[in-house]
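Sharing a structure below in structure tokens format, with a few things to ask.
Chains: A, B, C and D, in written order; residue numbering restarts at 1 for each.
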């Protein structure tokens, strides 16, 4: 059973219009830039529901798919860096389901952990709680959130081995591990693809059981949104 | 009247040794610059880092190392990275002792609104709803009035809420206030600001007991 | 009639390339010894390991490296350790394609009992309840009858259940059976065992269609 | 704020009769043997509720506390290696709440993640589901399980730093990370205590925020239950 695919096009095979995708990353940090670019070159893939904490910027990341009108609906926690996004949202072209960041992460993890629903305090008393069950535990109010799964989860890791085990770097980890768990099919693009045994089994973040396809991407751009320095 | 840096400086006085603290975007971020000597505070960034350090030098910048404001940063010795679910696990479990964040409106019941202006602006709540629903101790850092000169301290928030009954303290350019028993309690005045000015700028119920000292 | 090793050997024929498999204590553990050539199977041990290897040499024994049966073991290249919550996350999410476990009783609806004999023995369910509630594909490996000679394949389990409607296949010392539509369907006979013997040893509803071949 | 305590006695200070403890480990692998031994030397601490996957063996681990009658109630998934345990349970001296292993792990994780309850399929249709709410999601039945927290969680790690960050070794990890999350006070005993910065921030399993006290234990016995070898 080979998980290694030879390139990004083979990796995204089977992604079709109308599907639900999860895409790792926080801002532009740790996004699967190779797969996103490849999907943007397949404009016939449309009406996607994309679950991603953010929606990229106008000319990078999910911004590519927005510009092509490939996305029907976004499930995100923060979408404030993208003019085209705002235009599509306010005009009604794009459906947006805003979800508290912690709930979004937990909904993905739950989906990947066989837990269909859980109680969380986030959003109690707000619009987010509308239509959801609420319950009191130990004097505090909680809302019932249902889990999320995807047809394809697409994640970006630092290192991976041919069995699909993944290691992430620094804060590029973010949503990638929980989304990797929640994919019916999970695609991992990595900076370094190594042989089994080269990663220390104590130091793997995502066990290979969650990963179905893996490939090494070349020349990562890793665009920076806020280049803040001390000098 | 306080500048943004002064608001941050005043909030830094609230920090206690050993605390884990989450600082929101804007004025809250500046609090990190004024942590008092001898106080060991660990900064949590909800995108997946405990032990956030200052901005990097141009030479050491790393695209894979950012804070929740998407700014490039560094780490302190003993820092740790984790995924988004673990990050909000520690937040919801109350392990972060203090959250400082900005707001568009706060009301006398401790409700806060900071993520949406219907029909005009919807950037999203990010991690704010999780943070305010979880932390025991939530300080809001903001201007006392908006650009139109209207009070941001209301009897009831008019914008969509981020959380209910959660804000415990507010530090503005004019004053330090505590929220309890359905009212704003004036604790301190900014230097050169009179109680009358604070009264005029506060739309919600304001309790003023005895002499109000200058900000510490 | 099959020995324990033969039951394990027969179950090993069910394995498919690329599968992740959880093997319970007892006969199921032996399945690992008979994985067919050219089939790449990864063994999951629910205490926190993917990629379980054989027993260690005396010299390389490590107290920190055990399987769910508390036996000292080794790892294969590409193995990974994780905590108990992550272990059952992958189990509940259906990422483990096959679970093989023992049973005290199985009934014609696929219910299974293997953790408690009221008033006599209560060792606990361990991970069995999570496994049987989650896996698509559950094979029970056991003797066809208990020590008293009574059938363990019943119309309804009498002991406290481990899970309901979950067992898909049974391999015993006498036969291979599939469970569907509220009955045991006889698929194969052990060498030298007659259909009559299997009938006599099966208390639940048994469907026998056509000639029943010898075990493959 | 110092998390480092000078010895095991200082570490267990404040543990009192009637409290709920979580204790990491699977079988005897990865158990906090130093803290358990120290509690067993304080027989005045009684009526404990101990949450631990197993209950030790007759002469090691939680078996010490059982022998002393310090435990009122055990919450475990498997208790089959301890005669004294079985005797106390069958005689009614000891209360036992058996919980499916995955549910037990998830209940601890949920407690340490601010999630008061979640749905799981484990135990549906069995004794475990008695008195619990059930619900169908996507054609499958689930039961609602509530989370667990402890007065003290006691865990054993391989390496730890003075900020409380922990790294576990091999399958000695097991329940330790989730129990560390769920303690009002969490005590970590480690084989190697190092300075901040000596552990790679990408490779830490338990962030220090969950750990309140830490110390280095000496001469770990690490008893083996089933010494199986290939030669």
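FYI, contacts are C-beta pairs under 8 Å (C-beta built on N, C-alpha and C of every residue); 3 or more make two chains touch, one makes a residue touch a chain.
Please read these numbers as outputs of a predicted model, since none were measured by experiment.
**Student:** In terms of touching chains, how many steps apart are chain A and chain D, taking the shortest path?
**Tutor:** Tracing touching chains, the least step count from chain A to chain D comes to 1.
**Student:** Any chains in contact with both chain C and chain D?
**Tutor:** Shared contacts of chain C and chain D: A.
**Student:** Looking at A-B and A-C, which one has the bigger number of contacting C-beta pairs?
**Tutor:** A-B
**Student:** Tell me, please, which chain's centre (mean of its C-alpha atoms) is farthest from the centre of chain A?
**Tutor:** C
**Student:** Whole-Å distance, chain A centre to chain B centre, using C-alpha means?
**Tutor:** Computed value for the inter-centroid distance: 28 Å.
**Student:** Counting in whole Å, what is the centre-to-centre distance of chain B and chain C, each centre being its mean C-alpha position?
**Tutor:** Taking the mean C-alpha position of each chain, the two centres sit 55 Å apart.
**Student:** Taking each chain's centre as the mean of its CA atoms, how far is chain B from chain D in angstrom?
**Tutor:** Each chain's C-alpha centroid was found; their separation is 36 Å.
**Student:** At least two partner chains per residue is the criterion; list those residues in chain A.
**Tutor:** Expected reply: 106, 109, 113-115, 120-121, 168-170, 201-202.
**Student:** What parts of chain C, by residue number, touch at least two of the other chains?
**Tutor:** Expected reply: 75, 81-82, 85, 88, 91-92, 134.
**Student:** What topology does the chain touch graph have (line, ring, star, complete, other)?
**Tutor:** Topology of the interface graph: other, matching no listed pattern.
**Student:** Which chains are in touch, pair by pair?
**Tutor:** Touching chain pairs, listed by label, come out as A-B, A-C, A-D, B-D, C-D.
**Student:** Spell out the part of chain A that touches chain C in their complex, as residue ranges.
**Tutor:** That would be residues 1, 109, 111-115, 161-163, 165, 181-182, 195-197, 199, 201-202, 204, 207-210 of chain A.
**Student:** In their shared complex, at which residues does chain D touch chain A?
**Tutor:** It comes out as residues 106, 110, 113-121, 135, 137-138, 140, 142, 146, 167-170, 201-203.
**Student:** Touching residues of chain B toward chain A in the complex: what are they?
**Tutor:** Answer in residue numbers: 45-49, 54-58, 61-73, 75, 81-85, 87-88, 91-92, 111, 115-116, 122-130, 133-134, 160-165.
**Student:** Spell out the residues on chain C that touch chain A in their complex, using ranges where they run on.
**Tutor:** My answer: residues 17-18, 20, 40, 42, 44, 50-51, 75-82, 85-86, 88-96, 134.
**Student:** Which of the residues in chain D come into contact with chain C in the complex?
**Tutor:** For chain D paired with chain C, touching residues are 26-30, 53, 76-81, 86, 89, 96, 98, 100-106, 108-109, 120-128, 158, 168-178, 205, 222-231.
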